[in-house]
Every structure is written in C-alpha cells, then in structure tokens.
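Labels run A, B, C and D following the written order; every chain starts at residue 1.
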Amino acid sequence: MWFFVLFESMIFTAYFGVYLYHRGQHETAFLAAQSHLDLGLGVLDTIALLASSWAVARSVQAARSGRYDAARRDALLTAGFGGVFAVLKVVEWVHQVHAGNTFTSQEFFQFYFFLTAIHFIHLLIGFVVIGVLVRQLSGVERRNQETVETCATYWHTVDFLWVLIFALVYVVR
Amino acid sequence: MRRPTWLDSPKRELWLAWGATVGFYNLYAVVFFLITRTQPPGQPSYGDAGVVSWFASHHDGLLVGMAFIFALGGLSSTSLALITYSIRRMSVSRAYAYAYLLVYAVAAIPGFLFICVAMTAGAMRPDRSPELQRWLYDLGFLSFSGTMGVFLIGSLVWMTAILLDKNRVFPKWFGYLNLCNALTEVVVAPAWFFDRGAFAWNGLVAWWINVFVFGIYTGVFITLLRSMIRREDFGTGPLPDLPPRKPRRSPENAVATAAS
Amino acid sequence: MTRPTAGESIIVTSLPMIAVIWIAAFFVFPGFLPPLSPRAPSNEIATFYREHAARVRYSMVLLNWFSVALIPLLMVIVERMRAMAHRTPVLRYCTLGVAAAAPIVFLTATVFWLLAAFRPDRAPDLTQLFNDLAWITFTCGVPFLVAQCLFLAGAVYLDQQARPVFPRWVAHFNLLVAAALIPAAFAGLTKTGAFAWDGVVSFWVKNAAIAIWIVVMAVVVGRTKPAGAEATA
Amino acid sequence: MFSTLNKRLLVVWVVLSAITVAYLWIDHSADDNGAARASTAVTLSAILLALVKVRIIMREFMEVRDAPRRLCWLTDLWVALMAVGLIGMYLVGKAAA
C-alpha cells in the first residue's frame, strides 16, 4: 500500500508542478479566475476531510485494541465526513458552472476542475475502501488488522492529496 | 539437428508467448516513437496547412511504420493471453480472467487499428483536400489517445484479482500500480476538449505523465510475468518463490496431459 | 476431459452455405472485379459509386451481416486446441484474443463502403475518402489473421503426442498463409504494381489465401476426430 | 492507554484544522484593499504549510511515527521532494513568463 501512496503522490506532484508552471506564466489571469472561488468553502471542505481522516485513525486504534464496535462506528463516521466533503464539492461545482466557470472556460478552471475531479474519483474509490473496512470489522472471521490499516492508509492518502490541492488551488497567489 | 531443450520444457508455450510479448512491445515502441514519429504526437492546434505539412514530413515513416503494425499487431494478443493465464492461476474466480481477456481483445481496435488506417489514408494521398487531411489527423490521434476506458476497466479487473489473490502470483504493490495506471489513463479524456495546453492530446498531463506511467507499468508487468513463468509449478496452491540461480530442468510432464 | 462436441458438425457443415453468400457478395460488389484502382481520381470514384450505388449496398449489407460468420468455426478450432498436448491454455487465449478482432476489421471496412454509397451525390473528395478508408481497412487489416495463423501453427507444432489433433502439415500450411497475408499490410506504400491494393499480391494472393484457409481448415476440422472421441487425458 | 492515544489524535486534528483556518488569515493579509494580488511569499508559505500538514498526517494519522525507520526516512524524503518539485516548478514558470 505504501507503494501506492508514494507512487500516487509522485504522479500528483507532477500534476501540481504542471499547474504551478502554467500559473507562473499567466499569473494575473489565474488570480482573476481564482477570485471566483470561495476560500471559506474550501476551508470547510478541508476540515471535513481532516475530520474523516481523524475518524478512520481512531477506527484503526479501536480495532487494534479489539473494540470492533467502536471501530465500526468510527469507520461509518469516516464515510459520513467524506460524504459531507463530497456534497460540498458538488455544491461548489454546480455553483461554479452556474457562474459560467466551466472546464473549458479559462485555464485556471481547467486545472481546478481537473484536480478536483481526479481527486473526487479517488474519494469515490475511498468509499468502496471504507465499505471493505466496515465489512472487515463486521464479520468476526474476517477481521484482519493489516487490511484495516491498508484501508485507512488509502483514506489518509485521499486526505493529504486534498490538503495539497486546497493549498495550491485556493490559497496560492 | 538437436532439439533445443526449452522445447521440451512444460513452460514452452508460456515462454513463447512471453517472447512474443517482448517482441510486440519493442516493435510498438520503435514504430510509434522512431519510424512513424507519431509519439510524441503532432500538435492538435495545427490548422489545415500545418496538418498537410505534418503529413508531408512524416510521409515515409507513417506508411512503413503502420505497415509493420498492420502485419504484426495481432501479436499484442500474446500479452493478454499471459495476463489472462496469470489471473487464472490466482485464487479468484475465472470470471476475472475471461473479463480481462475480452476487455483487452476489444482494446486492439482503438489501441492501434484506427490510427493505422487513418494515418495510412492521410499519407497515401497527400494531395487530398487539407480539410479532410485534418479530419484524418484528428481521427488518428483522438482514437488512439482518447479511448482509454478499456485500459481503465482492464487495469481495475487485474488489480482486483491481484489484491484478492492468495496464491502470491504477483506482489501486492503491483496491484496498486494497476490502480495508478488506471487513474492516469482516465486523465487523457480532456484531450477531447482542448487543442492546446496541458490537457490537449500532446499536453504535459494528457500525454507525458500518462506515457511515463504507462511505460513504467508495461516494463514492470513484463518483468513480473517473466518471474511468474519461472515460478510456475502448475499446481493450484501458492506459487513458490523463485528457484535458485541454476534451476534444474525437470523433463517429466513435458508432454503431459492437456490443461483443462 | 471429455467435453460435449454436439453441434460442432452443424457449424462445420453450414460453412459451404456461408461461403456461397460470401462468394455471391464478392461478385455482386462491382469494385472487386477488377478491384478499384487506388490511382483513380476522385471524380471517377464518385461516378463509380453514383452508378453502382445499389450493387455496392446489397453486396456490402450481405458482407456486413456475415462478417462475423467465421467466429463459430474459429471457436471449434479453439475447442480442438484443448485436446492438444499443451501444458497451458495460453495459445488458446492468444487465439481467443484475436478471434473477434479480425471480423470487426472487416465489418469496419464494409461500413466505410456503405457510407461511400449512401450519399453518392456528395462532394467527390469525401466519397474518395470513404473509399480509401474502406480499401485500406480491408487490404491492410490483416494483423489478427496473421497472428491467428501463427498461433495455430505454433499450437500444432507443439502438439507432440502419438496421435496429434491436427496433422503436422496444418502448421506448415498456416505459416504459408501467414506469409501470403503479410505483404498486403504494406499496400499503403504504393499505388501501382503487385503490392498496391488492386495488385496481384495485395488483392488476389491475400484474398485467395483467406479463402483457401477457410476451406482447408473447415475440411481439417471436419475430418479430425473431436477431442471427446479419444482418451488423450 | 487507549484514551491517551485517542486524545493525541484529537489534538492532531485540532492542529491540522487550525493550520487550515490560518490560511484564511494569510489570504486576508495578502489582499490589497480586497483585491487579489500575486505574492510569492503567500505561495511559498501556502505550499510549505500544506507540506507540513501532509507530514503531520503521515506521521500521526498514518502512524509512520511507529513504523520502521526506513519508512520514516522515505516519507520525509518524499515530502522534501514534493517541496522541491512544487516550488521549483512555480519558480521556473515565473521565470519563463
């Protein structure tokens, strides 16, 4: 799993690098387009996803100490916070599209939609992973700490990739 | 004439298929990167005149290179046969093996057939109206780059099989590499929206990063298939580790029963 | 290891009927006798489709319907490969991997021909484009057939047992057919001579090789005993 | 034991959220009377803060803290490489503009 974490963050670093490079070339255009984004919403997104990460970390520790019911509760909580993030994201997309900022409208929004969408795909896979986690924790014979930790590691990856996207897309000047 | 010993090895079919796989990917790379120079791709932003001069400067290479693919492209089937075999060797349902085989059997059509036809048609008649030449140019590159769904689903099928497998056919990290590959395949789709920039069909994101990952992926799976063949014991349980440096050949069951 | 072989004879014996349809369509299509020249200017091509639109449509619809008719025979061959003395099913998977692709190539060619004849009064350049695409797909589109012959030849060579499923000459024959098909892949390189798409090699040799392959393989499959009949395993 | 670990996770989350909220302040202070302005300082600090967060997530949430030394070392190397890559591309892009 750590192979995935490192390889995937390498690919994302490449995407980010391309984005920052293009940004450096057309700073004013990017800034003007960026001002359409709501930083507050981004902060809320980030905190929701950080909370989901926190919940899944709790779940791992609970599972380790044999408290599987608590672990399952925390896993469901993870999915819940992830759901909040997903809803906020979709709301933001709809808002931007209504404001006329689409994938093809400006260079900044190409990258905005690309990065958020590819991250969203990771998030959707993450829900499948949390499903696996909950299933693991539910069946007595299926409980395997290694799988639990692998699932959590995937979810944390989704989280820290978002932390980077948030800083790069919403905050960077 | 003495028969080469490998011909009596029970693994001869596997080695033949593996050799053909290596041959095919080398041919593919040489044709697309060196002979036709269609990789890295031409500019999507070319106007009519640009496309005509692109065809003019690539004329001979296109015709010769695509002809080689027309002649030998069918050998691509050997790699998917081996991968299908690898999934069959795992402790998962054969549905995964057959799903992989069929998904990738479809892949040959967008994977090289359309670009070969379109580029040959363009190069054959350079005096065709520039507007139509441009259409052929778009057909070639977009069918080649813009149809990644088969590779997405195919990689996910293989990934799932590897992660569920208990026979240690492939290391788990390779399962995750399949996921990385699948996720970089989908980012080519923006090529349908842009004719310049990072997301166009020759862009940094849609082409360079994707080809970089695909190159690593291909190299890795060819190497891993090799070690799978070396480890194969024709059983149904976990695959043993690699044999010691100098493996002793086992002539028994060389011409054994047909595999079911 | 005995698998049911019921119905295989229907597939094999239905082939002559399919062959009749193919041959009929081949003669109805006005562009095969003689094959349309790649040197013809676009006006000539446009005139051809204007004058022969009906025959192009009837013949190509027929070929479009029956382009996949060979797959059942291929699957019988794949079933026979089961009984070969192979340790692994890899060669069968190889054959399965190309079995569907070859008919799809042919199907694509018929679609281009039909498109060319659908609106014969369009600009001649466009009709010529469809005509080119059809001929290139039809003539050069041999990769899967070549691979199929190579896989089959390899399978027969490796089938080392007292009573092989197919006689050894079948392997030589398949290699020969593959060799006859390969030059057609290079038809894009020239518009004149034997290698052009209307030339002796790219048109006559290639299509004759395909026809002979079908006939010979049908006879071979029909005459060799099915896998279930002998206890090889 | 269990509750102290849980407390630690909560503290980590609070710290991460606080850094996130700090972005609001950075953003606000960089504004030129409400108009957005390009700023290398903001860009660099945003990237570095994000990487600090990534490292905290790896260390605490992903439990690299208790992992074999090699993984600690590798993840730190990765964070450093990301920093070099991102800041490098940003500066190259600016220089090439």
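Some observations on this one:
Following the convention adopted for this analysis, a residue touches a chain if its C-beta (ideal position, glycine included) is under 8 Å from a C-beta of that chain, and two chains touch if they have at least 3 such contacts.
Only a predicted model underlies this, so the values are computations on that prediction, with no experimental measurement involved.
Ranked by how close its C-alpha mean sits to the mean of all protein C-alpha atoms, the top chain is B.
If each chain is reduced to the centroid of its CA atoms, chain A and chain C end up 51 Å from each other. Centroids of chain C and chain D (each the mean of its C-alpha atoms) stand 61 Å apart. Taking the mean of the C-alpha atoms as each chain's centre, chain B and chain D sit 38 Å apart. Chain centres here are Cα means. That of chain A falls 31 Å from that of chain B.
Residues of chain A in contact with two or more other chains: 14, 18, 22. Interchain contacts link the chains end to end along an open line, per the touch definition above. Interface note: chains touch in the pairs A-B, A-D, B-C.
For chain B in complex with chain A, the residues that touch the partner chain are 172-173, 176-177, 179-180, 183-184, 186-187, 190, 193-194, 197-199, 204-205, 209, 212-213. Contacts from chain A toward chain D in the complex involve residues 2, 5-6, 9-10, 13-14, 16-18, 20-28, 31-32, 34-35, 39-40, 43, 46-47, 50-51, 53-54, 56-58, 60-62, 65, 67, 149, 152-153, 156, 159-160, 163-164, 166-168, 170-173. Against chain B, the residues of chain A that register as touching in their complex are 1, 3-4, 7-8, 11, 14-15, 18-19, 22, 103-104, 107, 110-111, 114, 118, 121-122, 125.
Taken in their complex, chain C has these residues touching chain B: 1, 38, 82-91, 93-101, 104-105, 108, 125-126, 128-129, 132-133, 136-137, 140-148, 150-151, 154, 158, 160-161, 182, 184-189, 191, 232-233.
Residue ranges of chain B in contact with chain C, taken from their complex: 7, 10-14, 16-17, 63-64, 66-78, 80-82, 84-85, 88, 101, 104-106, 108-109, 113, 116-118, 120-121, 123-125, 128-129, 132, 135-136, 234, 253-260.
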